[in-house]
Amino acid sequence: MSDATTDATLPKTAAAETPEGPWRVALRKLFRDRTAVGAIIVLVLIVLACCAAPLYAKYVSQSDPFQSNLDGSITLDGNSVDIMQADTAGLGLGVTPIGPTWHGQYFFGADNQGRDVAARMLYGGQNSLLISFFATVVTLVLAAIIGTIAGFIGGLTDTVLARLLDVLWAFPVYLLAISLSIVFISKGIQIGPFTIPSNSLILPIMIIGIVYVPYVARPIRGQVMSLTRSDFVLAARCLGVPSFRILVRDILPNVTTTLIVFAPLMMALNMLTESALSFLSIGVQPPNASWGTIILDGEDLLYTQPMVAIAPGLAIIITVLALNFLGDGVRDAFDPRAKLRVKKD
Amino acid sequence: MTIPSKPMLKAESLHKTFKVGSRFRAGGIQHLHALSDVSLEVYPGEIVGLVGESGCGKSTLGRCLLRLYDVDDGRITFKDRDITGLSQRELRPLRADMQMVFQDPYSSLNPRRRVGDLIAEPLRVHGKHSASDVQARLRELMELVNLSPDFLTRFPHEFSGGQRQRIGIARAIALSPSLIVADEPVSALDVSVQAQIVNLFMDLQEKLGLTYVFIAHDLSVVRQIATRTAVMYLGGIVELGETDRVLHRPAHPYTAALISAVPEPDPQGNIKARTILRGEPPSPTNPPSGCRFHTRCPVAEARCSAEVPLLRALGDNRSVACHFPLDGSAAAHA
Amino acid sequence: QAADHMGGTLNLTGASAAGTIDPQINYTSQFWSVLFITNDGLVAFKHVSGESSNDVVPDLATAIPAPQDGGKTYVFTIRKGVKFSNGKDVTPDDVVATFQRIFKVSNPNAGSWYNVIVGADACLKTPATCTLAGGVVADDAANTVTFHLTQPDSEFFYKLATPFGDIVPADTAAKDLGTSPAPATGPYMITSYDPQKNMILKRNPYYKEWSKDAQPAGYVDTINYTFGPKPEDEVTAIENGQQDWMFDSPPSDRLPEMASKFPNSIHINPLFAIYYAPMNVNIAPFNNKDARLAVNYALNRKSAVNIYGGPRLAVPNCQVLPPGFPGYKAYCPYTKNPGSKWSAPDMVKAKALMKASGQIGQPVTVIADDQNVDPALGTYLVSVLNELGFKATLKVISANIQFTYIQNTKNNVQISISQWYQDYPAASDFINVLLSCGSFHPGSDASINISGFCDKGIDAEINKNLITAVTDQKAANAEWGKIDAELVDQAPWATMFTPKQLDFVSARLKNFTFSDQFHMIYSQVWVQ
Amino acid sequence: MPADLMTANPDGTLLDVRDLCVSFRSERGIIRILENVSFTVREREILSIVGESGSGKSMTSLAVMRLITDPNAIITGSITYKGRDLLKLSPKEMRALRGREIAMIFQDPMTAMTPVYTIGWQIEEQLRAHQNLSRRAARARAVELLGEMGVPAPAKAAGRFPHQLSGGLRQRAMIAMALSCNPSLLIADEPTTALDVTVQAQILELLLRLRTDFGSSVMLITHDMGVVATVSDRVMVMYSGIIAERGPKPDVLGGPTHPYTLGLLHSIPPMHGEKPHRLPSIPGSPPAPMGRPAGCPFQPRCEFRMDACASRPPLFRNGMQEASCWLAEKGMPDWAHERAIRAAGEAA
Amino acid sequence: MLLPILRRLAEMLFVMFGISVVVFGIFFATPGADPAARIAGRNATPEVLAQVRHSFGFDEPLPVQYVKVMEKLFISRDLTSFVNRGEKVIPAVVESTPVTLSLVFGAAVIWVVFAIIMGMIAAATRGGIPDRLLMFLGLVGISMPVFWVGSVANLITQSRFHHTFLFSWVPGLGYTPLTQNPGMWFKQLVIPWITLAILYIGLYGRVLRANLVEAYQEDFIRTARAKGLSERRIMVRHALRTSLITFVSMFGLDFGALVGGGALLTEVVFNLPGVGRLTYVALQSLDLPFIMATVMYSSFFVVVANAVVDIAYAWLDPRVRDAR
């Protein structure tokens, strides 16, 4: 009978000759999304610019963005101009840093310490990006571990972890972050022989990373739970696949998608959180900079040199915006839900 | 076919309840009686069909039989070994001998893994095959289920429902089990494809001497494939016997109603004499007293609501759980 | 014509409240200014502008008593007719109770100032049962109170003139009064106090002026002290006439604007205070004197002054005592042209010393608090240290804990940014308090000698001079100047500058009166 | 010109669909979903549309309702309902028609009803959208309708939310809602697929009654040949976006003239008589719209494939039956004969 | 019916207990946080320090201190600040509540109204220009740090453009109670409201649009169309109504968190003496009693919001109402 012959037809929708994995399908989708590609380009440019900070400081701004330059001067249009300009009108109180020159040196002007804001912004961007990136990694890794353990093992482990997440969840993020920051920034952390100094970037990374864990761990836990009950996990159980292998082979790859979808959005969120903490002067510690601390510096100059606060704010907005756009694209490309919907029709 | 006297799988008065609802909501936790007092024997080489309405516990029974669910009460013996109390780890070696094919060919295949990986998984975890063996076996399996071995490197989403179901079957037979529980393996498929898969099941049984518990809600499929049929209603088996007898001379009013409700593509018989059941199946969280079918039964009497009918033999190799079994001929179609 | 200016409401504002208003406990300049016009001690600083505001005059006592018994006994006669705002008379018993209370409520300086009183040791040990028997003795019949000291104390009157010595009724609870005011004797009394919101002062109905010097009557009817706004907003509010005076220093960002638009609303007065960077002389790298000297030579005090708000708001300083303070003798070795005045940093010398010290490359953490200009000064200091070749980083911590944090040797603080404002006009309040062996308590949060500097020789000189001061203030002051110079040569600190007080007041505020001790005297200004 | 057109209105044609094509613009070009679908529905008739998943059944019904909202859809042809071309109506006119003249019910009554309103409310809403009824009157009518649909305790049921009812009751509520304005045409898209056989039988019974009680015509979409056999007057078999065969039910089911219909009928295991050793089946699976072969779309799976199949066959008429197969060109193919020979060959 | 409520309460208490322990632990892990030294004053002798430590009970074991603080907070209700000694904590929190409520409530009104308008317009024109523009603006709103927006708003309204007719009406920063001067209350809060609302308009507008678009793919929308309903009715009564379920639950949680002090940054930037700022000041000055009180207060709102959302959820979604 005819159906005894091998069924060699494949739906032609899978047009590709080489088999395409879900990853590649998603990536292809992502790279077809024009907004997402635009966002990636913007992000790459920002990262490159921040990486070029030392070059900028050395060759363009020609100043050390970490050393106070309170009695220096630069040459502008042939004239020598003080960086910190003492007020001469009236009583002559106060000293105002130079404003945006829109030239290579002091492009956005100077801050209270006479440092080049543009150069500091590039260095600050490094920190902002580093912190938000690694905080995202911390969040995702911890959330994946906690969520997976809770969801997969279930029972008492789950109850304990879920309660813990509940407690953290009910703790307004900023309050928790501020509490932790105040503690750790005044002391640093000592774990056995390792000391993390209080001005280390690891602190904001850990703090920001930790406070958002419940936000990711909860959905992950839910997902793992439903995956654990899914038909294909049941099938694997039925095949006698050991639990650990099921976890690694069947569950984690699916969780990874969720993590990837979360990543850019978390990074955007972390960047905002980092800037907020820095703004409250409990994030990156001076003289190190981040966009948040530069805004804080600028806050003191808001009335005379608003550019010091505005420029880093715009940098944050552009970066976060790009991350959010990328997040949208990644979600569209990776979200298994979207895929399911297509299947159902 | 002669039925050997020793069952391969024996389930004795299985009970299974699920907890549903939430502690934090009105109503609290409720107990859903998915299986109550179900006994079933499966003999080597036979195909036991399992039919019944949605939610009557067919899948639950299938899963309990394979110990994918823990039963609350009862005993399951597989090849003379009591497997009721075994842990999942202890069960692992036995898995090679009993397998399952799932209803939904979409959700039962991990979308992130290649077909070859999926089918090879049992071979790898049971560690009986070397890497080259695995490849050879994969090809063999693909041939058995009529798929091109070229497909091994592809991902499930590229396949049609029928092809996916074949992949699921290939995976199930990879370790040459002697028992397969097929949980509605054709319900999600189109008619034309359904026939291919039914044929495949029958071919495989012939070639490999498999034993099936074949769950379906389509009576005609069960008739085509099953040697014996068990009819379930609300967590219990109401009738059990040789397929032809059960389907043509049903003894339980529910079986009769079920059969008469089946629409048939019979061009002439425009409207057949039908006993259409009124009402809907009751909730398994709150099953009726006595005979669970009495709320919808056309022949129910007072006794039915008080006394639980036990599954009893009727003589012609079948049993029925009814106080007033139908005269077989009355329900049979000409 | 002064009577024309009576009445109205004086609106004061500050970014935050300053804690308890218990006169025996509060130790903040912010509320000392308030207590200055609400409560009185046996003696008081004169309520006037200018230098004489450092003079002690009799207040609740009828006169400044002459020392007896070689300066160990003082007999005060209590003024008759002065009433508390609860209507009761001030009596010798109240005075005794007040001094017992100092110990019972754990006054911050109970152990450092008032331990000279006979019986203080027992009180310090078990405050609850403090009697000061034999230390403070009332004689109701003679209406006198006699103080017996264990040793002569040249600063004893000063200690009585601060709000700690404000007399409260004998029946005042021996615990922190917190937000409820003690009965007042001055022209004003606090009628309500909510640290989150405001403090309201009204006229004390039982007040009658008894000495214009000690406690003059006030002009305004009501004083409303609002807490909460940021300094920026305080400036705006004063510009708009919604507030009359702000406690905080205006943000430097606003200074040019204020100076050009409201020059008449600005009052600049000298302060007896220093901004300095104490260096821990007991741990690396600043246990090396050359390293300390290098920092001193390298520190550009002009930059620091600029950070604070420019040369009009601060003067460079190299030494322990602020200019104009008793015992001050200008001395500055750490400058381009060493002498009496700082002119410019000497980087060459600094670098040479640095090399000699062998501390190049040493890690250093600067601890600064997060208020006002301190983080900026810290940042600047880090730059200086880095330029010298240290590997410096900054650690900014909450102002609430920074001050105790840098004191505790357990925290191994190497260098920090700190300030010291005088308590009373005596050189010992800087030299003895900040740099004597006695104020160094390793492992304690209360170790005001932040540098941990303890030079036995200098300590002996200090102790000797404290005795001298009892009898010969002038000689003592000359000696303080010498000690100051010796200390500067040891360089336990890098002093940066002495700030000035900038008061920004509303256009309607007139008769601005500035006491060196308690700054603007709220009772003496007009708003009408 | 097909004969249908001539007999359009005279014999009570309600709906006349001509050359309906539906396609979608997509990144990979135009996807043709329906190709030249033409059919009629007469008054008081039950027309069944059968076919496998993806063959375009729902698309046909949605096109009739003008419910294809995808901006990328291209719809051509004509859909004449009571003499008016639906495709040319303004949205407002169409809205007035929907629900009142043409009503529709869907496969899954759970998702097809707004979960947050009671079923009574939802029926009321439709009544009030088309008739000037007070809320009270509408509710009374809704309860009445539910009663007519055989819902026990209709007043109580009207106050229930969809999820509180069983599938059968939900489907009845859906039907009650659809019939609330006495539509002339009811389109039922797989109304029983989600239901159990026993409940399905109840619903089919109800559909049969509609014709007598309400005088409505029904366009019944299903993939179940059994359902077709039970209720329909005429049958239309669709395959991959085209009409494979259509005609009166006894003719099509009794003597199919398209190999696909034949295969379909044979693939269903019989409930009676002899069990075939192997079920006859159609090899392969239906093509996706983008992967349709040239010519006859069934050709790759067809056991009677011949050279002519390379070009698309039109609908050939044989008596009342029409089939789009070259075999039908020369009249009724003699399947029985063919199959007998094949069977013999196989056995040998 | 009673049992689930009790369970719910127990769960809330547990969460609050957990938070209080975490806060207490964090506080005592802070070096220099020992309030004794700060209480004792700037040149207290070690003996005085010890006295203070003893009189405040800081020399007792931590669990005892914890219990004492909680006892004073909840039972005798006379917990007082360490920094502003004698200041009772509870009245201070109670007094700052109306400020936070005013801020959050006004902002909530703005963001709900605008988000719904934005979501509906975007969903109705899905894929079109208005949709893309609105979604872009929404994303910009989400991407702006709120404290920065606040600062810039202050710069514009308080300084740069304060003297133009546009912003001359903007009063100085601060808060005037509604009961005291409604006009002033409103004027002082408008800019903070908008600042706080921007983020949420973006967030909610986008979520609502996504939900609406998703709802539009649901079968019941097709049914509604098949019933012959107008597009507007379909949008409002069917799509929006079902989408509101997520919207409202999000709103509940956010509102709870904001009332609980989540609007901290806005309050700090605009100098509104609300709970958020109180918390921030307490944290900065390491004023443990205040920290405990404000954090308990805030977690209370979060927990209550969670419970309310559950109830609202059931009210909006009958599927949830029935125990499944």
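Letters A, B, C, D and E mark the chains in the order given here, with residues in each chain numbered from 1 onward.
Here, contacts are C-beta pairs under 8 Å (C-beta built on N, C-alpha and C of every residue); 3 or more make two chains touch, one makes a residue touch a chain.
Keep in mind that this is a model prediction, so the values were computed, not measured.
Listed by label, the chains that touch chain B and also chain E are A, D.
Counting hops only between chains that touch, chain C reaches chain D in a minimum of 2.
Of all chains, the one whose CA centroid is most distant from that of chain C is D.
Between C-E and D-E, more C-beta contact pairs are found at C-E.
For the pair chain B and chain C, the distance between C-alpha centroids works out to 89 Å.
Separation between the centroids of chain A and chain E, computed from CA atoms only, is 23 Å.
Rounded to whole angstrom units, the spacing between the C-alpha centres of chain A and chain C is 46. Centre-to-centre, using mean CA coordinates, chain A is 51 Å away from chain B.
Across the assembly, chain C contributes residues 370, 397-398, 401, 405 that each touch 2 or more other chains. Counting only residues that touch two or more partner chains, chain B has 160, 162-163, 195-196, 199, 203. In chain E, the residues touching two or more other chains are 11, 30-33, 284, 286, 322. By the touch criterion given at the top, residues 66-68, 70-71, 84, 86-87, 89-96, 112-113, 182, 185-186, 197-199, 281, 285-287, 300-304 of chain A touch chain C in their complex. Chain contact summary for the complex, chain E toward chain C: residues 30-34, 36-38, 40-49, 51-52, 55, 80-81, 83-88, 92, 95-96, 158, 172-174, 271, 273, 278, 281, 284-287. Residues 63, 66, 68, 88-89, 91-96, 99-100, 102, 104, 106-114, 121-122, 125-126, 143, 146-148, 150-151, 153-155, 157-160, 162-163, 166, 168, 171, 175, 195-196, 199, 203 of chain B are the ones touching chain A in the complex. Residue ranges of chain A in contact with chain B, taken from their complex: 1, 3-8, 10-11, 13-14, 19-22, 230-232, 234-243, 245, 249-250, 253-254, 336, 339, 343. Across the complex, chain D meets chain B through its residues 52-53, 152, 166-169, 196-202, 204-205, 208, 223-230, 249-250, 252-254, 263-272, 275-276, 278-283, 285-286.
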